[in-house]
Amino acid sequence: MKSDATEKQISHVVDTLKTLGFGTHLSQGVERTVIGAIGDKAVLQKGQIEMLEGVSEIVPIRKPYKLVSREFHHADTVVEISPTVRIGGSHPVVVMAGPCAVENEAMIIDIAKAVKKAGATVLRGGAYKPRTSPYSFQGLGETGLKYLAAARAETGLPIATEVMDTRDVALVAEYADVIQIGARNMQNFNLLKEVGKTRKAVLLKRGLCATIEELLMAAEYIISEGNSNIILCERGIRTMETATRNTLDLSAVPVIKQLSHLPILVDPSHGTGKASLVSPMALAAVACGTHGLMIEVHPTPETAASDGPQSLTYAAFEEMMKDMRVIEEVVRNGRK
Amino acid sequence: MKSDATEKQISHVVDTLKTLGFGTHLSQGVERTVIGAIGDKAVLQKGQIEMLEGVSEIVPIRKPYKLVSREFHHADTVVEISPTVRIGGSHPVVVMAGPCAVENEAMIIDIAKAVKKAGATVLRGGAYKPRTSPYSFQGLGETGLKYLAAARAETGLPIATEVMDTRDVALVAEYADVIQIGARNMQNFNLLKEVGKTRKAVLLKRGLCATIEELLMAAEYIISEGNSNIILCERGIRTMETATRNTLDLSAVPVIKQLSHLPILVDPSHGTGKASLVSPMALAAVACGTHGLMIEVHPTPETAASDGPQSLTYAAFEEMMKDMRVIEEVVRNGRK
Amino acid sequence: MKSDATEKQISHVVDTLKTLGFGTHLSQGVERTVIGAIGDKAVLQKGQIEMLEGVSEIVPIRKPYKLVSREFHHADTVVEISPTVRIGGSHPVVVMAGPCAVENEAMIIDIAKAVKKAGATVLRGGAYKPRTSPYSFQGLGETGLKYLAAARAETGLPIATEVMDTRDVALVAEYADVIQIGARNMQNFNLLKEVGKTRKAVLLKRGLCATIEELLMAAEYIISEGNSNIILCERGIRTMETATRNTLDLSAVPVIKQLSHLPILVDPSHGTGKASLVSPMALAAVACGTHGLMIEVHPTPETAASDGPQSLTYAAFEEMMKDMRVIEEVVRNGRK
Amino acid sequence: MKSDATEKQISHVVDTLKTLGFGTHLSQGVERTVIGAIGDKAVLQKGQIEMLEGVSEIVPIRKPYKLVSREFHHADTVVEISPTVRIGGSHPVVVMAGPCAVENEAMIIDIAKAVKKAGATVLRGGAYKPRTSPYSFQGLGETGLKYLAAARAETGLPIATEVMDTRDVALVAEYADVIQIGARNMQNFNLLKEVGKTRKAVLLKRGLCATIEELLMAAEYIISEGNSNIILCERGIRTMETATRNTLDLSAVPVIKQLSHLPILVDPSHGTGKASLVSPMALAAVACGTHGLMIEVHPTPETAASDGPQSLTYAAFEEMMKDMRVIEEVVRNGRK
């Protein structure tokens, strides 16, 4: 729309598009309003929309994803995780840290204090755990959510935790500040739609063999339900390499920043599967421009209920954070 | 258990195992009963179980999957799809055929008649469709299920259709003879548990980058809930090859037959993504021992709502069926 | 060219193309002669070639490979391995069998007799072995070639053996009936050019992560040097699956038959890495239309110098051959 | 050997090992001498070596690679590229820059001056080019080498260039300061042996689908011929991702530094295939500890004979170098 388009003109365009069978999505910026029209351009007669009052120009978007694309929304999206924690754009690198799985209340509070002291601003921890084996620890469920809430009450850290089932979305949304969709559920489309109906921040992890385009299409499922509070997450893909658990695809960071306006976060813990590789890859992620990091931290990795080998001790995490902030400052000053 | 073990001895062993914290799974064969004990062997004192009456021997199973393994259950499992259609063991190759998505009632009935005439014994068709894009046709939902039921009523063919959401399992189970878990949901563990609670036949498709071991672990989720009516499905994996939509891994057929007692079915339509490759790969699948085939058939592939390029016309399907039965007979006669 | 074009007209077109800077390649069929012109079409003025006498039509080929394409040469190429052994088109499935590495003279002669008795028509055996480790057995070199020649003298079987170094091509060509280019050398372009200068049959194995298009481009290197006696070989690609050594991509058989006129052969020994999978996959390969098979056979696989786990015993090979011939007959009769 | 072992004692141990059939490899450090014994430990009688004079202890190395392993040679290897340029250990990040292919003398001299001015210390450029198509530009051959030598004479920059054929090793070694083995030839074992016989620095690029272990095994081929001047190179692997040409596996940097003493270099130009991604990934590589970078630079990328889309302009390269040095300084100061 033109920068001086009126509310009435905007509504009229939206209504016209709806009548023609298009889905619409309104994006109101400081300077102008953009109306996303989702549907088949072929139904339009030439000039049919251009001639409406207030319309500035029509930009056809050919990519399979639309609302998440940089073409549709040029400025970086900043997602508000809590009143004091924001991710995206030029905000400081957000570090979400904590155990793979919540094991008990005392421990999660202890970890929350430790990671907060080291500079993390979000506490992560799994209450519902997707495990390859039905005989592995499946998480504490709602009890785990309560422990997380207790840790939040104690430290003030917002909490990020995974949801695996459409039936649990309402419950998880009640507790969580960031709802996580795990890699195995990246194309669980009903789950994506369900979190899309909330207004919570959603952390969407890239599937084990998903392309970046598929990750963006999955985000499109969430945003098309009206929730644009999406944080994309690179957490390693499956390749023929066996020295690492997955292959962390850091080039996804600059690629996604070109293609989409959504913030991107890197998880070097799952991305490498080895504690000794977490810190170098976290530094590399910051050097190539990530907006956030997710790091598994455990007081005693050797006894962790899950993912011990890739968890950092408190001391290792603290050291990583110091090095990371130095790199971040250099990158920030270099940003044009 | 010994072949002459009594019911009472069996119950006693089961009760003892439960007291010790083991999950148990009973498998009663013609000759003897096998009790699967799921848990940590380390809690057992030496001889604690062996000394119980009726116990023949203890066979530790080290593979991460247990109940689906050939070691646990030696004989081929035969899954009953309908009173007249069985898959597995030495039963004839079961062909499930039909459109990718149910589009309308007349069409699904027409297709059902056509594939039945050509020799298919199960009708496939999607009512809930997992689509990469939120803007693609998502299926007709319950209406689609009703159309499938109408086609069954008309032709007598049992029906196979996909479920994508834990909340829909009960509904789909009401209509379907075979509940399909799609490749993208192979590790949607809650969905696996939910279909595991039904007693319907479940067609479990291999994930796009899942290993055979992970496929068997996913089946273990279903069987550990008590449902052993599982049909595994090879439908192509993602590789660097771009000439085909996926790379159909036919070696999965003999590998799975070595590792598991469950029947295996091959889907060359998704496995190749090209109609011209479906017939050669279907013949190859039968030659290496598949128990079943799933084939996409559409009267006019060029107008199909989804997956047109990989769908066979009625004529092509009929011809494929003839060639397939000849190969099947050769393989069957060669079977020892 | 028109079907009645004269030799003189053909030469004139070839000369004209050469003057214009094109490479040329003559393909003389029963009905007509095709002149392949390799270069940039943009240098041609409109009608410049069409107006020459004897020219029928110009067919632009856009694929990156030209001379190996089905578009360029429509009829199946039949490669003559020896006066009595031909592969391609409707010739019987050619089976090349033998040990991974030639170990000593007595053994290779013994194996040659055994595989011949079972119906193999080519003896395979490595004298130069590409091994991942410099400390593994590297093959007997020229001595191995001499042993192979002795086995040929004894049995009449033509021999197939690998060359790894441009400096060895002349020597290997002196002994071998089929020169093999291994998977690791598929893009050793100088080696491809060098075997392209001979007129020997060349068996070109697909690289571990090569696409079918790259395999055809590698064949284009050989044919562009004037040698069209090329047999393509599918031997498994590297994927995330670990149950098999490689993933045998059988869909490559019908794909390659669509794209190229060259014969295709399948190696289920390397393709699976497990003896128990070789026979099922060989039958599957024949069912989907392969022109040939390459099978590792060893009298005592457990003592083989290399690749023991994937080698068939004499008895297993004999049985596989019987089953294979039955499938072959069915497929042959079905061929239209 | 003990730190006070004499030359005579060392020779005696070496001779004894040779008599027993072992290959040996001497590594003389400042503090002590290590003798690598390559062969089967089983032939040794208990204590047979330990009892020799001067022997300190025996460390069995089970990894398939030995001489390249960190276990065998603990300290970082520093490779001397020229009297003033060294790579490895705590030496500054070495940047090798230049065009994909040498196109003409004036241009390579111009590029050499430009990259030197920006801080590169090695000039790269291909005279022999491995191209997927036989119809693509194959490089200028020896003429290209002469142009590179002219550029070295003009600027003093040592030169790195690829060799593809065993027959060309002597010639390339005459001109080059660093002999490059390309990704497609990583398992061209004869070529590896041939460059192993020279004493030139060898840049060994990781194959498109090679594991890190296979890369180290390939290096073992070179070092086992006596040449330990090896620089390993991560240049991206082939995955299912299509947004980038390859997937740059930066975790290979810390992994290789744990497993091997050899220096590691990262090529973000081939690793991403897109100029816009080169700088972020170069910074990331430095942040995670690379010893060197290889960057494609071209005055007019849009007219480059090969790899234009991934080449940096002079201006972009200069800017990248500035950012890189800032990150390097931070990392260096952080090194313990």
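Each chain carries a letter (A, B, C and D) given by its place in the written order, and its residues are counted from 1.
The working rule: contacts are C-beta pairs under 8 Å (C-beta built on N, C-alpha and C of every residue); 3 or more make two chains touch, one makes a residue touch a chain.
What you see is a predicted model; the values in this text were computed from it and never measured.
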Pick out whichever of the two, A-D or A-C, is joined by more C-beta pairs in contact.
-> A-D
Which one of the chains is farthest from chain B, going by Cα centres?
-> D
For chain A and chain C, what's the span in angstrom between their mean Cα positions?
-> 49
Chain centres from averaged Cα atoms put chain A and chain D apart, in whole Å, by 38
Where chain B touches two or more other chains at once, the residues are 209, 238-240
In graph terms, nodes being chains and edges touches, is this line, ring, star, complete or other?
-> complete
Can you check the complex and tell me which residues of chain D touch chain B?
-> 209, 238-240
For chain A, which residues count as touching chain B in their complex?
-> 23, 38-39, 64-65, 130-135, 164-167, 184-185, 187-190, 193, 208-209, 214, 217, 220-221, 224, 238
Write out the stretch or stretches of chain A touching chain D in their complex.
-> 209, 211-213, 237, 239-244, 247-255, 258-259, 271-272, 276-277, 280-281, 283-289, 323, 326-327, 330-331, 334
